[in-house]
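There are two complexes below, and they share chain A, which is joined by chain B in the first and by chain C in the second.
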Partner chain A sequence: MLSFVAQRVVKGVIVLLAIVVLNFFLIRLAPGDPAVVMAGEAGASDQVFVKQLREKFGLDKPLPEQLFIYVKGVVALDLGFSFRQQAPVAKLIGERLPATLLLTLTAFAISLMLGVLFGTFAARFAGTFLDTAITVFALIFYAMPIFWVALMGILLFSVTMDWLPSFGYETVGANLTGFAHAVDVAKHLIMPAMTLGLFFMATYTRMTRASMLEVKRLDFVKTARAKGLSDAVIQRRHVLRNALLPVVTLAGVHAGTLIGGAVITETVFAWPGIGRLMYDALLQRDYNLLLGVFVTCSIMVLIFNLITDLVYRLVDPRIEFAS
Partner chain B sequence: MKQFWKSMLRSPSGVIGLIILVLAISVAVFGPMLFPNSPWRMVQRPFLPPFTLSTVPLGTDALGRDVFAGMIFGARVSLLVGLVSTLVALVVGVPIGAMAGYFGGKTDDALMRFTEFFQTIPSFALAIVLVAILQPSIYSIVASIAVVSWPPVARLVRGEVLSLRTREYVQAAVVTGQSNTWIILREILPNALSPVIVLASLMVATAILLESSLAFLGLGDPNLISWGYMVGAGRTVIRQAWWITVFPGVAILISVLGLNLIGEGLNDALNPRLSREGR
Partner chain C sequence: MGGVINAVIQPEPPGLMLAQIQNGPTQMVSGNIFEGLLRYSPKLEPLPELAESWSASEDAKTYTFKLRKGVTWHDGKPFTSADVLFSIEMLKQTHARARNNLAQVDKVEAPDDYTVVFTLKQPFGPFLGIFEVGSMPMVPKHLYEGTDWKTNAYNNAPIGTGPFMFKEWQKGSFIRLVKNPNYYEKGKPYIDEIYWQIIPDAAARSVAYETGKVDVLPGGSVENFDVPRLSKLKDTCVTGAGWEFFSPLAWLWLNNRQGPLADKRVRQAIMYAIDRDFAKDVIWNGLGKVATGPSASTIKYYTSDVPKYPYDPAKAKALLKEAGYKGEKIRLLPLAYGETWQRWGEAVKQNLQDVGMNIETIATDVAGGNQKIGDWDYDIAFTYLYQYGDPALGVGRNYVSSAIAKGQVFNNVEGYSNPEIDKLFADGAVATPDSKRKEIYEKAQKILVEDVPVAWMLELQFPTIMRCKVKNLITTGIGVNDGFKDAWLDK
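And then the complex of A and B:
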């Protein structure tokens, strides 16, 4: 178990280093001399200042050395400086990270629970009207662009029915504390989380359904039935548990998509997370910040993948940790 | 081939998907000829509600531009970007997967690490960064979508090639001294085609979603109108004018749905054994 975790962590760190190197070259792909761009962002472009910047960020040194300086900086959690926002990139991201984690994890939990639930229902009643209805809805949700779902949600639940707030993390100026504050945040969270979760819910529904139907035909299920186990026990203990394996794999694969969806969702709902930060960086062409968020997203995906790998091994005892 | 069409037409999702795709392609190809209204020109007063004037059936946006014209011209961009970026992704992914599966060993290891690396990077975030850095244009958009969508192709092709290269007819080709390139191109790849076709149809759908999301964030080609751009532009006035955001979104939904259904239909038609077992 421990050696497995260690192995995966080492692999993750290597991938992370590769991403940081990629990031370094992406910054250099950006149009214009980085020092001139930075000077422009800082609002001054005289020669002396540009030269100072060049020295400060080691841009006058050969490329390999620059790369080394950059990697060293990232390891020390220094992602550069955002001249537009006049703050270190790492600090800006740190402030926004909790909101993104709240949003993505809530969306993930909702989509997984509902997806497995609907998928199980569809498989249980395969061929009936219920199954068709669930399948059709899943197909439609699967094809809807997230930004459009978000806007339709606002149109329906904020503009027309006036049930839910259409933007932000909390009611501005309300100064709520304790439980009242939690309720306020939850109210603001429902729509973004549902929006983000809908696509994944559809995916998990389809996957669970297909996988349940496949497992159902296997021999060990027949054995269980022959032993006289009740249908409910067979469904829960034998079919569902095995059918969940591909769903867990899928959840790991989707970590990156989830983060990408968060960028869109946070943009539409003005949710103060790193996705919104990325959008702001994009509008202002603040490349340091943009790439800082990009690296952060990649780290989040790596961690999430590691967790799903562990969960997979917990759900499926056939796989040994030593391998 | 006849058999293929027969089973394709027997699957309901395949039929519905085909109808939607044919409709979408006709709109993209012939629409701009029949409705030459430029989607950028102001034709009526701003915020004209839909279904009030027959010349502007879907109303106008905040600048008085024809929403219907935008939908028709947008179909071109969406379908074109979807198709071309998928083709580029195939051109990258198929050779990488084929080489990894065929040569095995170190080549396989290196190529698959490379592929996994690209799969780990959050794809939409990478696409945003690439388009932002290369500056939004139809070329940078196609390139970025291709860059983030080739890894599944490589993995799929690798798996297929791995299982095909041990077959007797491939061994026979090796014994007769055919070159590796010839064997991969003539003996192996044609037999690995059907799952690739299924994946490609789903990839076009994903590419359309990606393009529209990029355009929504303001990363579309500034010279081309697209559905995502229209939704993004209508977003700030959604309280006054719902139609500007609703209609282009429906267009995206229907096209993506159509392509996904075609993917399912193709899967049923090309892998009949698999699909029957899966149900």
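And then the complex of A and C:
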């Protein structure tokens, strides 16, 4: 298993470098010049100022040289400096990453647990009213855009009922500590996590249901039933376990992309995470910061893919680590 | 007295070092941390700030400022004329607008700790208008001299002389300022703390106000269509004041260089074709004023005695016909500043199509749009710019031919070139007395309105929405940008 992990890590590093190079050029393909953006914001864009900024950013150097400088930095674990925010990129990302991880992992846990649970129920009671209800709700949540769910949630739970805060990570100025602080953060977390989680939950519900119904028809289930096993044991040990494989695959892919998917949720709920950092960096053409966020997201995807492969093995011992 | 004010800041500023970053949000927060030598009344008369008095010589070439005594930086060191000299040197390198404003200054001297003397190369009419905190913030010499300004640690924890001190910045969440207990105006500021809340979504900012989480929505924080609804909430006060110094004016850049728009008659047709009252009443909810020309009515030497362009589609059609317009495609770049601007883009497109113009909308984000405009790769493009109180500071830059420079925005990107206008703006900046300047700028306005180098739309109004208990927030022509010094909470 260790050699499997080592092999995947080496492959991961190669993929990462390819991603860095590709993104480096992709960002620069988009129209817009960071120096002009900053000069524009300063309300004055004379030649001297724009030239100064270009030199400061290193944008006056030839593109291959810029790439070389950047890749050299990444290899030395240096993600560069954000001139716009006047801080090292790694520091900016480090400040925001915990909030995003809290949001996305909560959303992920909620969606996976509830999704599998509802999917199992729907499959178990296929064709009944419960199945229809679950399927319809799943379809609704799947079809509704995240920003709309977020706004409706705010309207209902913040404006009308005043149960939950509409924005932010904590109550600003309350200076809470310990348990009170944790409760405060949790209150702020509920709406964004649910908003982000509902979409994925719907996906897992439908996936689990479909997959379980398919497995149920297979011969080995009939055999198990013929052996006289109880329905609960058949569902849990034989059907669910086999049906989970596609769900695990999908969840692995999702987990990696949750960070990117959190952009909208973080923006609507003013959640101070990395998704918003990325969005702002994109609008402002803050190249180093944007590339830094991409690198971070890519690392996340690679890590989650590795975890997915390991989980496969746990779910289905028949799968072996190819080395 | 005392209390905490929660205000919205949008978007999150990139940094707070006003001498190096001059975007709107930076100024709004840092205008309470740093100070300039002067402030300006809503009528744009200079008011004392770090300078307690000033005088000009007979020939209007020497200005002497007497600094306030007993002023200290937030770290306790005294503020003196040495700081002023240092700030000016630094700003010349880091602050493009200050550099331009100071171009007429020959030398600056400090005969003693509390006197600063500016000697100009020639009289410069708007000179007393360049000292507000955003245009010329004072920087602590003892913390910046001999350091790398760009990476100085105080950029992230700025030290000024202002009524509020920087305390904390949770990136993505809030910026916290606290009262400066040693402020030179005894008793001020009245407020203990300001929290600038960072809420990126416009609808969420409205909700934050509605649910009582924030008390002040500075101009431009919410979409215009939300303003009437929020204004009607209980205990809510609204004011359009506090933008006199900036006087934001919206217009359409018209690319004078190529295609049908090179013909003056086509540009005039555009002025007649656009229903600007509709834009004001419907898209901007009645806020603002229809612009009559290159100067906003709030800045110096404005005149309404210029050719008029009422909404007249028939006249527009006739002019287009006369100019021989044959339906050539014209690219329109809306401004990616949110919903209001998008709707305005749609309305203008419709107006122009109604008179037979073939309009294609090009969608970009702000950065992409700026690049297209800077590269002159457009036909019509929305914009709005500040005018800074005087035509020499904020108007001429968009029309004189020396301001044509490819790759940059906000200068003469339309490519208008008229030697007479060049001369008028050159003369206007240095003419004395005031009546002479007035005469020159009035003439310039008339010529420009006749030539229509760009299509002027509206004098924008960005209303500040706040709880009525917040008193005295807007007392100057700079508004919320330096306003918390005088603000207090009615309990």
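Throughout what follows, the second predicted complex is superposed on the first by the 275 of 323 C-alpha atoms of A that agree within 3 Å, B and C clash if a C-alpha of one lies under 4 Å from a C-alpha of the other, contacts with A are read in each partner's own complex, and residues count from 1 in each chain.
Note that a contact is a pair of C-beta atoms (placed from the backbone, for glycine too) under 8 Å apart; a residue touches a chain by one contact, two chains touch by 3 or more.
Being a predicted model, the structure only gives us computed values, none of them experimental.
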* Can A:Ile154 be said to touch chain B (first), chain C (second), both, or neither? -> both
In the overlay, answer first, second, both or neither for which of chain B and chain C A:Arg285 touches. both
Item to check | First (chain B), second (chain C), both or neither touched by A:Ala99 | outcome: second
Contact-wise, after the overlay, does A:Phe108 reach chain B, chain C, both or neither (first, second, both, neither)?
neither
Output check: A:Ala39 vs chain B and chain C. Expected answer is one of first, second, both, neither. What do you get?
second
Quiz item: Now for A:Phe118: first (chain B), second (chain C), both, or neither, which partner does it touch?
Solution: neither
Practice prompt. Return first, second, both or neither, reflecting whether A:Leu277 touches chain B, chain C, both chains, or no partner chain.
Written response: second
For A:Phe200 in the superposed arrangement: first (chain B), second (chain C), both or neither?
neither
So in the superposed three-chain picture, is A:Thr257 touching just chain B, just chain C, both, or none of them (first/second/both/neither)?
first
Interface residues of chain A shared by chain B and chain C, listed 30-31, 151, 154-155, 159, 267-268, 279, 283, 285
Interface with chain B, chain A side, in the complex: residues 15, 18-19, 22, 26, 29-31, 126, 139-140, 142-148, 151-152, 154-155, 159, 210, 213-214, 253, 255-257, 259-261, 263-264, 267-268, 278-279, 282-283, 285, 287, 290-291, 293-294, 297-298, 300-302, 305
Seen from chain B, its contact residues with chain A in the complex are 116-117, 119-126, 128-130, 132-135, 205, 209, 212-213, 216-219, 228, 231-232, 235, 238-239, 242, 245-246, 249, 252-254, 256-257, 260-261, 277-279
Seen from chain A, its contact residues with chain C in the complex are 30-34, 36-37, 39-50, 56, 83-87, 92, 95-96, 99, 151, 154-155, 158-159, 162, 165-170, 172-173, 267-273, 276-277, 279-280, 283-285
Listed in rising order, the residues of chain C that touch chain A in the complex are 4, 6, 11-12, 14-15, 17, 21-24, 95-97, 99-100, 150-151, 155-156, 170-174, 176, 193, 195, 197-201, 203-204, 207-208, 210-211, 213, 364-368, 370-372, 374, 385-386, 405, 407-411
